[in-house]
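Look at the two complexes coming up: chain A is in both, with chain B in one and chain C in the other.
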Partner chain A sequence: MTDPMPPAAPTALAAEPVGPAASPPDRPSLPPGRWIRENLFPNARNSILTVFAILVALFTYRGLLNFMFSEERSWIAVRTNLRLMFTQAYPEHQYIRVWVTVGLVVVLAGLSAGIWARWGGVTLKRLMGWLMSGGGLVAVGVLIREPSVLTDAAGETVRDDVGELVRESFAAAMADRWVWWAAALVLFGLGLALWLRFDDLARRTSEIPVAWLVFGLPGLLVASTWVIRYGHYAFADGEFIAEPGQLVAMSTRVPWTVIWLLLVGCFGIGRVARSRAIASSQAVPDAADDDEGAEDEAAPELPRGALAKTRAIVNLAWVLSPFFLYWVVMRDPEIDYAHVFSTMLPMGLAFGVVGSAVLWWLTRSDAGEVGRLAAIGLLLLAAFHWVAAFFGWYSMLQVARIAFLLLAVAGLLAPNFAGVAAQRRRLVGAWLFVVLLVFYGATVINAPSTIETPTDMFIGGFSVTLLVSVLTIMLSFPIGVLLALARTSRQPIFRVLSTVYIEVIRGVPLITLLLFFSGVLPLFLPDGMEIAELAAAILGYTLFSAAYLAENVRGGLQSIRRGQYEAADAVGLTTTQRTGFIVLPQSLRVSIPPLVGQVIATFKETSLLAIIGLFDFLRMANSVVPNQSQFLGVRREGLLFISVVYWVVAFAMSKYSQRLEQRVGLGQR
Partner chain B sequence: MSTQPAHGDATIAVSDELAARDDMIVCRDVDKWFGDFQALSGITATIKEQEIVVVLGPSGSGKSTWIRCINRLEAHQSGQIIVDGIELTNDLRNIEKIRSEVGMVFQQFNLFPHLTVMDNITLAPIWVRRKSRPEAEELAESLLERVGIPEQAQKFPGQLSGGQQQRVAIARALAMEPRVMLFDEPTSALDPEMIKEVLDVMEELARSGMTMMVVTHEMGFAREVADRIIFMEEGEIVEVGTPHHFFTEPAEERTKLFLSQVL
Partner chain C sequence: MSDPRAPDRDASLSTLGTRPPFYRDATVVRWIAQVGTLILVLAALWFLATEAGDSLRARGANIDFDFISDHIGIKVGWGIDTNPDSGGRALWVGMVNTIRMAAAGIALASVVGVLVGLARLSSNWPLRRLAGVYVEALRNIPLLVQILVYAAVLASLPNVSFDMGPIPGWVHLSNKGLSIPRVFVADGFYQWAVVMLIGGVIARVVFKRLAARREQTGMQTNAGAWATGIVAVFAIVGWWVHPIFGWLGGVFGGLSDAVGSIPQGVVQLVAALAAAGVAVWWIRRFLAQHRTPAGLVRLTDDDWFRMIFAVAGAAIVVLFVAVLWPGLSSWIVNSSSDGLGVLADKFGNGRTGAPIDAMRPDIVQPGNFPNYGPAGLNLPIGFAAVYFGVVFYTAAFIAEIVRGGILAVPKGQSEAAQAVGLRRSTALRRVILPQALRVILPPVGNQYLNLTKNTSLAIAVGYSDLVQIGQTVYNQTGKTLQVMAVWMLFYLACSLTISAAVNFFNIRLRIVER
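Moving on to the complex of A and B:
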C-alpha cells in the first residue's frame, strides 16, 4: 500500500524525470435545467418512466410520514424505553460498567480512525447538494402529509356524524407546520448561500474534511442536550418518568459528552502519531517517493512499516477487547473469589506447569515411539474421565476434563514440533495460551450470574445482539478458514469430514440448530457438564456461520492459480508457510465481499435469539415494550426504531468493506 | 548452506553410494505417466556441477515435465532422481531439502502478486533459511542490483513489465542461494523486446559458475551459452551433444528434422 500512484502512470520509466501528468480538459457542469432535460426527460418513454418513478417514491414517502406522524403513534414508548432496549434491566448501580465498555470501544475506534483512515473530503458541490435536497425533501414532506386530526378541548379526537375523523383544513395544516417550513428553508438556504458564494470550479474542487462531518454532527447533537429541553422520559425501577420540557437526564448527558470527548481526543492522538510518522519518513526521502509528488497532499499515505508497533498493539487490543469487555459487563459483582483462588487459579497453574513439562518431554528428539504411546495413553485417560462422568462413577470438574483432553491432543501433535528448541518452545507457548483461554472462559464466560434481574440474563437488548454477533464472528472466522482448507485438502479424511459438516449444517435451518443447542443439547450432556444458555446460543451461531464462511473462503481458494502453489513449493516453503503467506492472504482478499455479506447476515440473524428465549433487541421491541402497562400494544414504533438501528450498523459495515476492498486491491491491478 | 548430507540420518542417502561427487543431478531410467499417457520414458542423464545444459525439443516432448520432476513439482513413477546426493522419494523432508537447494524459474513468472518485490524475494530466505530480515533485505538488494532493477524493490509485481517480473523471479530463486537453477521456458511468455534483458541475466549467471538446466526455444542462447544440449522427443532423450556438434552435425534424423523447422 505504499504506492497510491494511479495505474496509468508510467512506472516502468521511473528512472526518467516524469512531469505532472496532463490533466483532462476542464468540463464545466451542466446548468440544472439542461441536466434535468438530458437525463430525466430525454424522450417520451423515459419521461413516462421518470414520472411514474417519482409518483411511486412520493406515495411511499407520504405513507411513511403519515405513519410516523399519525396521532395513534406513541413514540414516547421508544424514548422512555431506550435504556431497556439497549441494555435491558442492567442494574442501575452497576451501570458504570456499561459506560466503561462503550468508552473503551470508542477509545480504540478513535485511535484506529486517527492512525489508519485516509479521510478524504466532501466537495462543496456534494455538500450543497445534500443541504438543498434535504431542505427540498422536508418541504415536500410537509406538503404531502395528510392534515392532522382535530382534537377538542379535552384532547379527544373529533368525529363527524358518520364517525369519521375530522381533519384540519389544508391551509391550517400548512400553517401549523411552520417549524418544518423553517427547517426546510434553513437547509435549502444554507445550500443556496454556499452555491452563490463559490463559482463552479471552486464548488467542484474545494473540499470539507469528512472528519469534520463525522465528528462534528454527533458533537452538535451531544452539545444540544445541554441546551435544548428535549424532555426527560425514562423507565427506572418500575416507574415511568415523563417530564416534557426538561433537559435530558444528567446520567445521559454526562456519559455521552465524556464519550464524545474521548472519541475526538483519541482521534487527535492517532492523527498526531500518524503525521509524526509521515514527517519522519519524509526526512529520509526515498527514491520511490519522488514521482508521487503532489499526488494528494491532503491525505498523504502512511509509509509502509511505520507505526508498526502501535498498529500491532491497537490491533491486538481490538482482538482481545470483546473477551475483556465481556468480563467488564458480565462479571458477577458477587463473584466467588474464594472459588477462583482456591480452585480455578491453582488448577490452571497446575495444568500450565505440568502440561508444559509433559509437552517438553514429548518433544525431545529421542521421544520416538515411547512418546507416541505416552500421548495415546494420555488421550485414553482423558477420554476415560468423560466416560466416568457420563456414567456418574465420579466426576472431575468439567474444566479440568476439557483441559486434560486438550493436553492429550497437544501431546499427539508433539512429534511435529520435536527436536528444534524454537519449535518446542512454540508448542509449549501455544499450550500455555490455550490453558489461559480455557480457564478464563470457564471462570468468566460460562459462569451463571447471581445478580437479580427480572429475567435469567444479566443483560439484554442491543447489547446481547452485539455480544453474540461479535463473539460469533470472531470464533467462526478461524473455524471457517480451517474448514475451507480441510475441504480443499489432499487428505481424504479431512476432505470428507469437512464436506459432510458443511453440507449438513447448510442443510439445516438456523432456527432448528439454535433450538437444538439451547433446548436439546443440555439434555444430552452428561451429568456434571453444564453450558450457559448464552454460550449454547453462541455455539449454535458459530457452527452455522462457520459453514457458510468456509464456502466463501473456498471460493477464494479456488481462485488461486496453480502457479502460486508451485512457486511457493519451489522456493522451499512448507505447506503451512505456503498456506499462511501465499494462499490465504490472496484468497481472503478475493472473498472480502461475500465474507462481509456473511458477517452482516450473522449480525441480523441474531434476532432469532428472541425465539429461543433470550431477550435480544428484537424481543425488546416486539414483546417487552408492548407488554408494559403504560404502552400496551405499542409495537410498530419499536419495530421501526430497531430496523433503523440494524440498518445503520449493517450499512456502516457494508461501506467499510467497500473501502477495505479498495485498499487491499491497491497493489494488485 | 547445508550442502553436506547429514551422515547417520538413514533417510538421506549419502552421495558416495548414489553418484559421483561432482554430479549435481543424476537421472536413471526415469518414467512418468499422466494416466495412460507416458510423458517420460527411460530418461537417463547426468548434469555435472557448474555445467549449463539446455534441453530442446518440440512442444509436448516432455522437457517441462522432466525439469519439473527434478524438484518434485511432478512425481516420477519409476527410476531414480538424485539431486546433490539426495534421492527424491516421497519423504517430505528430502523434498523440502532439495527444493531449498534447487532454484526454479517459471514460464509465467509466478510472482506473489500480493507482496512487494522485496517481500517476494525475502520471504523464503527468512522463513526457510531463517535469515534475519535486515540480512535478507541486504541480500535482496544486491540481487536486484545484479538483475538490473534495484529501483523497483517497493513495487508490486503487477506494476512491472514482463521482463522485469521474470528478472525478479530469477532474483527470488537466487535468494535461496541454490546449488542448481532450473529454467522452465523463461522467455516464452515475454514480448520480443523483453527477451534479451532476461537472457542477459541468465548469461551472466552462467558465467558466474551456476549449475543450470534450461528448457527453452531460444536457439541463440543454446548455441552460445550451453555446455551441452539435450534433445528430447516424445518423452525420450534422442540426442546429447555440445552445441557445435548439435547444430552442425546432428546424428539423428529426428534432430535434423527439428532443426530444419526451427532454424
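Moving on to the complex of A and C:
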C-alpha cells in the first residue's frame, strides 16, 4: 500500500466499523474532489464496486420511477379509495367521529411531545445536505426516467406498426418535465443559499431544533391544501370528481388544518407545563426523589414532583384512550339508561363505598393476621361466585364477579400499603378508580353500537390495523411480564407451565394460530356464547405476542444482578415489593429496545388479518380495490401505497427505539 | 398475590421464635399457589375440551384420524404428487413443499444476508449506503405485503404463448411462473451412487494417510487434491460401468420378501423398540455429557425440555408405528410395496442408462390454456413470490446480525491479522468471520426458524405448502382440529430440528474456542 493518505487505505469488505461511531461528528469536511477520490475511487477494486453499486442504485431508482409514472398506472384508484383504505365505509354523516378520534390522539401526542421531548437539533450542515441531495435526487430521476408515451387527441396511447408504444424524444421529455426541474432547482438552490449564507464551520454546525422540522413540514403540507386542490376524489355518474360532498368532515383541508393547529397548540401547552413544573420543583427541592439517578447524565433536570405527576396523567390518558376512543367515540354506544340507573349505578356505588371501607379497615396498622385471613376469605368468596355461576347454582352479574375478584386482590395487596395514612388513601383512591373503570367499561362495551355501516364490519382498513396492534400490545404486555416472571421463578410448576406455553407458541407459525382462533375457537365456547371475529383475532394475536414479549422481558430479568435481589431482601422488602419496585423497573428498562422491536413486529403482523378474511389495510389494497368495477385488477398501485405507509410507521418506530436506546444509556456502561 | 414473606410489622414479641401459622409459611403458601394455578389451568383445559367434544358431537363429527388413509378427492397445485389419493398423502405433499421452500430459502437467505451484512461494513461509500437502504427498506415492510407485491408483479408478466413443444431457450418466464430445465435422477442413478460411495470411502482412507504423512514429515502431500481426484475418477468411470451393480436389485428383492414374510406385528414391535432404544441411548449420552468428576451438572430447564422432547418424539414414533403403520409407507413413497421393495426396483438389472439426465422446458395445452409441460422444472408464481419474499426479508435481518457479529470481534484481532501480514480477504475469512460466527450463529438460527414458519404465508398466494393443503383438507373433511394438530407437530419438529442443528454447530465452535 503506497497510499500516503492518513486514513488507513480503504479496502472493500473490510471488517472494520465504519458506522457513525467511527467518524467523530466535528471532523472537518473535505473538499468534494478529494472526498470523491478518497471514498469512491481509491483503488481499482473499490472503483469497480463503486460503479457496480451506483449502477444497481440507478437501475432500481429508474425502475421505480418508470413504474410510478407509467401511463398504465391508475393512481386514481388509490386516490379515490383513500378514505376506504383508512376507515372502510364509515358513514359519511358520522365522519366527524373519525376526526374527533384523530384529534384526540393528536392532542395527546402534542402534549407528550411537549412534556417529554428532549429533542436534539439538526445541524445546518445536515439540513443543507438533505436539501441539496434531495434536489440532486429529483434531477437524476428526471434525467433517467424513460420518455413518456405519446397520446393522441382522444387520450389513447399511440402505437407504431409493430405494436410498440411510441415515446416522445428525450429533449421533449426534458422540456415536458419543467415542473420537476423547477422543484430540483428550488431544493438545490435552498441548500446552496444556506451553504453560502453560513460559510464558516462554527455556524454550519449550529443546530436548529428538530421540532421546527417535525411541525414545519406537515404545516407546509397542510398549508398547501389551501392552494392546491389535491382533493379527495370520488367516482360519480361515470366520472371522477374532486372534493365531493358538502360536509366539512368530508373535505380535507379544514380538518387537517384544525388537527395541525391542535398539534402545535398542545405541544406549546406541554412545553409550558414542563417548564412550570420544573420551576416549581426547583423552588421546592424534593430530596426524596434521588432514585432517578439513571437519567441524570443525560438530563440536566429530573422529573420530580409536579412534572412526574403531569407525566403520570398523560400516560394514563394514553392507556385509556384506545378503549375510550373505540368504544365511545367510534361506536357511539346506545346506553340503556334504565339498566344503568337500576343496576349498574347502585352496584358500582355499593362496591365503591363498601370496598373502600373494607380496604381502609384492612390497611389499619393493627390489622395483622385477622386482616390477612379476611382477605383470603374474600378471595375464596369471589372464587366461589365464579364456580357457582359455572355450575349454574345461581349467577351473579359478571361485572359484579369481576369487581369481587378485584376487591379480593386489592385486599391481598393491602399489607403493602398499611400504616401510613397517605398510602392508605392511595390504595382506596386506586380502588375507587378501578371500580369506576370496570363499571363504566362494562356499561359501554355491552351497549350496542348506533353507527350503521353497509357491511357487518364496523371499521376497517388502516383503522383496524391500528386498533388490533394497539390492543394487542396493551393486552399482551401484562401477560408477557407475568409469563417472564413465571419462567424465571424458582417455583417448578409455574416455570414448567410458562415454559411449555412460550415454547409451543413460539414454535408454530402465527397464521395457524389465527386460523385456529378465527375458525375453531367457536367450537370451544359454551352454547350461546359467541365471540366476534375481530375479538377472536385480537385474542390470537395477544396470546402469540405475549410469548415473544415474555422472552424479551426474560432477557431483561436475567440481566439483573443477584446483588439487587439480596439488597432488596436485606431492607426487608416483600417479594411483591421487590419485584414491583426493584427488579421489574430495571429489567424493563434494559428490555426497551427488544420490546419496541416486538411492537414493530406486531404492527407488521397485523397484515395477516387479510388472510383470515378481515378487512384490514392490506386486504383493502389487495382485494377490495382490485374488485371494484372501475378499477378491475388495479393491485400493484395499492400495494405500493400501503407498503409506503407501513414502512413510514415501522421506520419511525425503529428510529425512535434507537434514540431511546441511546437515551436510557444502554451499551454505554 | 399473597405474600408469604411480608415482615410482620405488628408482631408482638411473644410470637418471636415460634413457627408461623401454616398460611404464612412460605413453602406452604408457594405450593398452594402453584397447585392452585395448576388446577385452574387443567380445569380450564378440561372445560374447553368438553365443550369442543360436545359441539363436535352435536355436528356429528368425530375426533379420528380416518382422513389420513381415506380417499379424499383433492388436487394439489404443485408438488411431488398432484393427485394424492389420501388425506395423509396430501399432507405429506404439503410437508415436502414446505421443507423444500424452507431449505432453498435458508440457503439463499444466508448467502444474501452475509453479502449484504459485509457490504454494510464495506469502506466503499456507495456500496455501504446501498446495503443500508436494502436493510431499512425490506425489514420495515410486512412480509405478507412483500410476497403479494412479488406475486402481483409476476402475475403481470406476459402469458404463455401458443407455440407448443419444447422451448428454444433454457429458461422461460411468464405469468404461469418460471420454467427451467429439469435435471432428474435417471435410470442408473442408484447403482452409480454405490460406485461413488466406494470411491468416497477409498478417497477418505487416502486422505487420512496423506494428511498423517504431512503431519509427520511436513512435506506438502496435496491430500485434498488426491481425494477429490479419486472421487472424480470413480464418478467418471462409474458413469458407464455402473450396471455391474445390477445384482444388488436381487439382494434387496430377497430382503424385501424376507421382511414381508415376517408378521406385521413383529415389524411394528421392532420399529417401536428401535425408536425407544434411540431415545434411551440419546438421553444416556446427553447425561454423560453433563457429568463431571464432581457429579452431574445442575440441569437447566432447556436441558430438561430437550430430554422430555426426546421422550415425546420417541413416543410419537411408537404411536405412529403402532396405529398408523399400514398407511405410513403408502403416503411417503406412494406405492404399495415397502421401502426395500422400492430399492429392489431401483437397482433392477435392466437399468443401464445414464445416471442423471436433463430435459428442456416445454409447453403443452391440456385444457383451454397453454401451460408448461412436465418436461421442465416448473416453479409457479406462488413459489417464486413466497421464495423471494422470505429470502429477501430474512436476508435483511441476517445482514444486521452479521454486521453486529463482526463489529463484536475486538478491533485488535483485525489489527493483529494485518500485522502478521495477512491480506484483508484472508484475515476476514480466517480470523474475523470464525470469531464472529460464534456471536452470529444463535440469532441466525432463530432467523432460520422464522423463515421456516414464514413459509406458511404461502396460503395467501396459493403455493401448496402444508398450511394451504391442510386448509383444503379440513374444508373438505371437517377435521379441523386434527389437521391443526398435524400442523403443530410438524412445525414443532421443524423448530426442534433447526435448533438442534444450530446447537450442534454452536458446540463445535465452542470447542474450537478452548
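Here is the rule we go by: the second predicted complex is superposed on the first by the 463 of 669 C-alpha atoms of A that agree within 3 Å, B and C clash if a C-alpha of one lies under 4 Å from a C-alpha of the other, contacts with A are read in each partner's own complex, and residues count from 1 in each chain.
Simple rule for what comes next: a contact is a pair of C-beta atoms (placed from the backbone, for glycine too) under 8 Å apart; a residue touches a chain by one contact, two chains touch by 3 or more.
Small disclaimer: the values here were computed from a predicted structure and weren't measured.
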Partner chain in contact with A:Thr574 - chain B first, chain C second, else both or neither: both
Chain B or chain C, by number of chain A residues touched: C
First, second, both or neither for A:Pro585, with chain B first and chain C second: first
Touching partner for A:Glu566 - first (chain B), second (chain C), both, neither: first
Contacts of A:Gly189 with chain B and chain C, given as first, second, both or neither: neither
Contacts of A:Gly392 with chain B and chain C, given as first, second, both or neither: neither
First, second, both or neither for A:Gly377, with chain B first and chain C second: neither
Residues of chain A contacting chain B in one complex and chain C in the other: 11-12, 14-15, 572, 574
Touching residues (chain side chain C, partner chain A) in the complex: 1-10, 21, 23-24, 30, 33-35, 37-38, 41, 47-48, 51-52, 55-56, 118-119, 121-130, 133, 136-137, 140-146, 148-149, 152-153, 156, 301, 305, 406-407, 409, 411, 414, 424-425, 427-428, 432-433, 436, 453-454, 456-457, 459-460, 467, 471, 480-481, 484, 487-488, 491-492, 495-496
Contacting residues of chain B [partner chain A, same complex]: 71-73, 96, 99-100, 102-104, 106, 108, 110-114, 116, 123-124, 127-128, 151, 154-156, 158-161, 164, 169, 172-173, 176
Residues of chain A that touch chain B when the two form their complex: 2-3, 11-12, 14-15, 286-288, 304, 561, 563-564, 566-574, 577, 581-582, 585-586, 589, 667-669
Complex contact set, residues of chain A against chain C: 10-19, 39-40, 46, 49-50, 52-54, 56-57, 365-369, 372-373, 375-376, 390, 412, 415-416, 418-419, 491-497, 499, 503-504, 506-512, 515-516, 519-520, 522-527, 572, 574-576, 600, 604-608, 610-611, 618, 622, 635-636, 639-640, 642-643, 646-647, 650-651, 654
